[in-house]
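Please find the structures below.
Here come two complexes built around chain A, the first alongside chain B, the second alongside chain C.
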Partner chain A sequence: MAALPRRIIKETQRLMQEPVPGISAVPDESNARYFHVIVTGPEDSPFEGGLFKLELFLPEDYPMSAPKVRFITKIYHPNIDRLGRICLDILKDKWSPALQIRTVLLSIQALLSAPNPDDPLANDVAELWKVNEAEAIRNAKEWTQRYAMEDN
Partner chain B sequence: MEEENLSECPICLQPLLYPVKLPCNHRFCFLCIKGIRGPTQTNQTTKTCAMCRQPFSIELLEQNLEMNLDSKNKVFKWFYEGKTSGYWAFDERSNLELENAFHDKKDKIVISIAGFSYCIDFVRLIQYPINHPERVRKIKRCEELNTENGDFKIKGIAGLRVSERTTTTQPSSTSSSSSNTNDDNEASGTGLTDQELSQVFSESLQLK
Partner chain C sequence: MGNCLKSTSTDDLTLLNGRSNDSARESIDQEPNLQFQDHIQPNFYSVAGGSNTVQQSLTEDEQIKIAKRIGLIQHLPITQYTDENFQSKKVPSECDICMNDFVVGDSIRYLPCMHQYHVLCVDNWLMRSLTCPSCCEPVDASLLSSFENV
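Coming up: the complex of A and B.
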């Protein structure tokens, strides 16, 4: 593996020095491009109270291409599939190298507050979210209780 | 949130190197903005600004260089006064920070050199350690080509005496005496020959 670019070193230092409230991202001991992430469920969302684990990987050509991010904790959300893959434009065609780990994780946290069933990744979840939002939200709360609590 | 730093490139998070200003007024290093991927694999002549996504043509990049990379290769170097005589050139990284802040028309900036913070005052053309504002030294900005025939003695770079580089057996006075790169170990205080100067500059400034 090539030397760690100064941009990654600087981003990591800043993440440690000025952590984002509700988000923690810690580089792996053996791979500085792999981050262990925990995002807290936003207030007033069905994910409130949950602690969601994610993995984030900075590819070789980062920041020219987007980080790879995936939920490890199971989550009931129309834009996140059962493998934890996330449907978010800035992780795909709307990526910009001026975005950072910090901004990506904030966007993911915002996605938890604002599910978008019209651009679904998990089709069954999105369908229910559209036809019976109350039940979908109940499911999301239940999954949060079952999978995203600290003692799990 | 971190404060916005106008002389930092938002892509590499380093001081701007060969700054380019896009039509939308966002600034990047030439290489950083050149390296971003276009919206499609096939069309790489149009890209979008990394900050605001406004499209721009990559043909514009070279015309929008803020530096003068013309045939005369006008490159400016910054120097600070030695303790007793002559001037030291700033190291290349600090020089870049100074040059960018100067172009941003800042009154003063604080830069970190080897863990010490120095205030660079562009109005009074002085520098001092922020913990010791009484330790004032003059600073100068000169076109690189002029320094070779300059009317002031240049001793080396950031306390590294250029004349000592050739005598490798002699222990360097800069390694043990002080951790402060801006410290000035006065020995002979000799100026540099044109040949030594061109050696310094060819090592530190390799512009295409």
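Coming up: the complex of A and C.
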């Protein structure tokens, strides 16, 4: 495996030394570009109390291109699809090399607090979120309880 | 935002598949402090996106676009990082792109918004997007239009 760029080493060290509250990101033992991530559901959101597993991969040309991030834990959210793919501008066309793993994960956590059904990735979820927000939030809470609170 | 539905699902379903078996293309990341002369700069540009297969088959239009982009970037001022910079603290102590400390003698490129980066780091980015990595300001829209719409 080719040498790891200094930037990735630094980011990893800083993530360990000054972890972001509510977020843990640990590099895989065999691949320093692959991170096991856990994000806690933000307070006052339907995801509160949940622990959401994600995977984050730094592509070869990182930081010139964005990290690839995906939810592994099932989540009921209009901007996250069944496969866990996330609709977030900074992961696509609004990426900038001044962003970091830390800022990406904070943005994902913020997306949980502020679902945006007008820019959907999961169409059925977004639709319900628009026509019956109360029911959508109930579903999100139920999924959080069912998939993000098991102790395993 | 938007367009997420259109982006075809080339995302690896398990990102572990992307475990790096990359070989030669690390060199760009590794040498952020590399010193080089202005006039040989274009040698360092890799084509945006970085897919080897695409690189082989650039159309003439694409090649012209790249050449214009290089021309534009070279209008942005370069200075050497000096001891004064280091002491004044007006210039940040590290490059936001490679996260390495600026070292006296490093070539620094100034963008119109006055953000500074290593020349090699920011040029690599500007070939992909003519925006400042830190503030997202377009790198001189007027220059851009005069160059790219010729």
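Going forward, the second predicted complex is superposed on the first by the 149 of 152 C-alpha atoms of A that agree within 3 Å, B and C clash if a C-alpha of one lies under 4 Å from a C-alpha of the other, contacts with A are read in each partner's own complex, and residues count from 1 in each chain.
Heads up, the rule we're going with is that a residue touches a chain if its C-beta (ideal position, glycine included) is under 8 Å from a C-beta of that chain, and two chains touch if they have at least 3 such contacts.
Here the structure is a predicted model, which means the values were calculated and not measured.
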item	value
Which superposed partner A:N132 touches (first chain B, second chain C, both, neither)	neither
First (chain B), second (chain C), both or neither touched by A:A98	both
First, second, both or neither for A:K68, with chain B first and chain C second	second
Contacts of A:R6 with chain B and chain C, given as first, second, both or neither	both
First, second, both or neither for A:Q145, with chain B first and chain C second	neither
Dominant toucher of chain A (residue count), chain B or chain C	C
Partner chain(s) touched by A:L83 [first = chain B, second = chain C, both, neither]	second
Which superposed partner A:E18 touches (first chain B, second chain C, both, neither)	first
Intersection of the chain A residues that touch chain B with those that touch chain C	5-7, 10-11, 63-65, 93, 96-98
In the complex with chain C, residue positions of chain A that touch it	1-3, 5-7, 10-11, 28, 30-31, 33-34, 55-57, 59-61, 63-65, 68, 70, 79, 83, 85, 87, 89, 92-94, 96-98, 116, 119-121, 123
Touch list for chain C against partner chain A, complex	1-5, 7, 9, 11-16, 18-23, 25-26, 28-30, 32, 50, 96-100, 121, 124-125, 128-129, 131, 133-134, 136
Chain B residues touching chain A - in the complex, by the definition given at the top	1-2, 10-14, 32, 35-37, 39, 48, 50-51, 53
Complex interface listing, chain A residues touching chain B	5-7, 10-11, 14, 18, 63-65, 93, 96-98
